[in-house]
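You will see chain A twice below: alongside chain B first, and alongside chain C after that.
Up next, the complex of A and B:
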């Protein structure tokens, strides 16, 4: 079944808005690049990481879907596939980060960093950093490409062999994803303060990626739930499952963020504690408190209620709120590395988000075209989509 | 002799109730039970109960089942969290203050794990005990077991009772209604 013309037109409309936003963002970024290049690269890194995280979370969730294949994950599979196929675009958008490297990463200047960090130049040096980035993007793009290609080939031939091939790729793929995302998090974000280290940091990034991606996928599902064939299977039970998954990731975020704080607090070592000292400075402290309340307590309490998980109208609002908090959390994680003194938000932050986000959304929407919104010919899909009460088919 | 005299006494003291507990219908599939439950509630019966050996999606909603258990568990969790935190606060700040590595006495991040554990412990134990208590278990006697076929409720049969205390209960009408729902059998449930 080909997607209807109506649906294509709807996608075209969204794509046009996204490109318009991107164009506006790029113009503003150009102005910022001339006015204050250093600040531009800081804002750009934030925007780049925010959207790359969502793309990578989509990659993780697609592989998780192939390993578990519940009815709920079929409902978001095609959206997640579109999300992970933006990874080649993100590779291209990594170029400005490379250009701004010497402004962003203190380890580019051996004289600026302390003795502890100085010994890390064996790992933190420009050629190796670039080589690793190329490697990460190559691995991610290859996995995203194969996962989509096989799934779409199955739309044509309905062969069960495709399902087992997808599983065989996803099992080791999940391990590769967690490892590469951990290294990428260390390279791109943790090394902004090269003296500091935390062993849970990479895993925390992986959880953040999946949480952010799940929020976007819930929003997309809510947006396109009326389109065939999604409309045929969508039910409160699916939203309930997605809500439970969201709750899991919210708890996991809180658990890991707190573990990092607790271990640092207990150790009380100068090279570890400085990261938190910067982030608990007046200004940033308010952001930290906001995160505890709005990134954990409020969504946690709301998602405990059955009603808010079963109603798409409530669930999408919670997902949107968490997505905003994801941005706040990432800002709190990244920006104090550059601005220890007080809360530093610049007009270039939203400008860079607009530019990167617009391109990301336009590209992702393009990837949504050309395939039905469900993997209808996957043999396992027919099993999970069968009505439980045994009512005859029309 | 004396024992025989007691028996009529007991009968006289029992409040005059309906002669039977109610009527029970037997169904072969969960779907039939769910359908019959919905129809009975729609028909205006209020004392309806369904029996199944497996959870059936939508059955609790069809019966209009309400429980206070989530609220009780929430309160127990909050009590657990507060007692877990203040247990440590009392020891570390009030009863036996110790300077550990120059940290403040109210070193709250290190109090969180125990606070969390006690929250889960209180909530978990309350959930199990509360569930048993609200179900009024243990209950050594229940009239439904007077129906011999009811043993199959823990095997592959599904039962629906409409109790005689229901204001709309009329034995003949209920029997006809149940057979109309496709019941495989309708049984009188003795007290």
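Up next, the complex of A and C:
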């Protein structure tokens, strides 16, 4: 079943807006690059990480879907595939980060970092950093490519062997994803403060990626729920499952963030606690409090309610709210590395988000075209889509 | 092709109860294991072994009460020896039961119905074994109640900033909820036992503990509500208890203990070892009592997969520990890893890697997951590996900290080993008493998995029947 013309036109429309936003963002960024290059790279890194995280979360969720394959995950599979296929674009958008490296990463200047950080030069040095980045993007792109290709091929031939191949790739793929995402988090974010370290940081990043991606996927599903193949299977039960997943990731975020805080606070070691000292300075402290309330308590309470999970109208608002808080959390994570003296938001922050986000959205929307929004010919899809006969009452 | 068959097999079609069973046969077979069946010889062997080891425990603990903790190998710098290793090991084992009974219930994983009772009992007995160790380790075990905050004339008040106090609350809450969950889940089946028992005193025994269950619609309604509520209460405990246990280590600043990955890594390790223990127990009991109809190959496959997945998370934890000890740039953190891998306890470390990471990779192979002897051996290997992991964490971190002048070695004494093996005996004895005295599989939950009867009316419906 080919997507209808209506649907294509709708996608074209969205794509135009996205490109327009990107164009505006790029112009502003250019201006910013001339006016204050240092500040531009800081804002750009934030925007780059925000959208790369979502793409990576999509990659993780697609592989999780192939491993578990519930009805709910079929409903978001194609959107997540589009999301992960933006990874080649993100590789390209990594170039400005490379250009701004010496402004962004203190370890680029051996004289500027302390003795402890100096012991890490074997890992934190430019050639190795770049080599790792190339490796990450190569692996991610290859996995995203194969996952898409086999799934699309199945749309044509409906062969069960494809499902089996997808599973066989996804199981080791998840391991590779978690490990590469962990080290990418160390490279791109943690090493902004080269003296600091925290062993839960990578796992927290992975959780954040999946959480952010899930929010975007819920928004997309809500957007396109009326389109043909999706409209046939969508039900409150699917939203309920997605809401529960969202709740799980929100709890995981809180659990891991709190663990990191508690252990660091209790240890109170100079090389660790400074990370929090910066982030609990006036200004940033208000952001931290906002995170506790709006990134955890409010969505947690709302998502406990059955009604807010079963109603797409409520669920998409919660997802949108969490997505905004993802951005706030990432800002709080990244920016104090540059602005320890207090909260600093610049007009370049939204400009960079607009530029990167516009390109990201335009590219992702393009990837939605050309395939039905459901993997209809996956043999397992038939099993989950039909009312299960094996399950008992209730 | 058979490829498609396999894909389909992964999903519902293969029944969770072998064909040919009815409401009646499920009840008859499971209650019969307690009421009518001849006790298998394996049971006598197991209970005898367990009982003998309980006697060893009794001797070890009696001598401990007389002489004090000096009979163990602990000293400065290693003040936490086997007692804490065993505590963490046992409490971790309990976690599989709670995961199976609470989280899998909320996730509608119906395959749990065949193993939840058994796993919950395991949780309860593992927590009992665990709880014993910190108390024995106190030095004056008879004053253990000082751990609780209560107004006493000497104004002794616990230090609430210490995770050791959080442990008291975490573990006692865990024990309470686990017991309630297990017992509430037992009540309808106890009524079935009461109704089927022949001997008067047996009838009275089950009658009293069945709390007057009659299987009325109202009983069932309240039961379902209570059970779901308890499941909701137990769910956070799966994560919180072992997180608190990990804080016992992580809030200190000793290299090898102070690591932020500890909470999730400990929780994954707990579930890993828990599933290993469930498999260690289920495989022989299943064979002994011929329960292959209810605990099918599919169940074993699922449990093996959970074990593999959690084992991989644990492996991730090891990788992070190793990487960040180097990346920290701190000479002490770096030395910790060098000491673990090449120091005096290096063989223990490499054994742990072999048992917990290398060998369990065999579980990727479907044939291994479905081969009971192989799975049994792997489960035991994981049990051993997880015990060694706790040994490495507790001992190698303590024995060489910041100052080389205060380094030392730890060697367990015969009393350490006696207490440890004794606790295993206690666990085995309790487990096999449970198998003998109570229905080890939840009869009414298993009956829910059967299709509705098509009118051949072979006896029991649900309820107290």
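We adopt the following convention: the second predicted complex is superposed on the first by the 386 of 394 C-alpha atoms of A that agree within 3 Å, B and C clash if a C-alpha of one lies under 4 Å from a C-alpha of the other, contacts with A are read in each partner's own complex, and residues count from 1 in each chain.
As a working rule, contacts are C-beta pairs under 8 Å (C-beta built on N, C-alpha and C of every residue); 3 or more make two chains touch, one makes a residue touch a chain.
All figures in this text were calculated on a predicted structure; none of them were measured in a lab.
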Partner chain in contact with A:199 - chain B first, chain C second, else both or neither: second
Contacts of A:150 with chain B and chain C, given as first, second, both or neither: neither
A:276 touches, of chain B and chain C: first, second, both or neither? neither
First, second, both or neither for A:266, with chain B first and chain C second: both
Superposition-derived comparison: chain B or chain C, residues of chain A touched: C
Touched partner set for A:256, first chain B, second chain C, both or neither: second
Touching both chain B and chain C, residues of chain A: 262, 266, 388-391
Residues on chain C engaged by chain A in the complex (per definition of touch): 1, 3-4, 6-8, 10-13, 15-16, 108, 110, 161, 239, 243, 247, 250-253, 258-264, 312, 316, 319-321, 323-324, 326-330, 364, 448-450
Residues of chain B that touch chain A when the two form their complex: 29-31, 34, 57, 101-103, 107, 109-110, 112-113
Complex contact set, residues of chain A against chain C: 116-120, 123, 160-161, 163-164, 171, 175, 178-179, 182, 186, 195, 197-203, 255-256, 259-260, 262-264, 266-267, 269, 271, 379-380, 383-384, 388-393
Interface residues, chain A side, partner chain B - complex: 237, 258, 261-262, 265-266, 268, 388-391
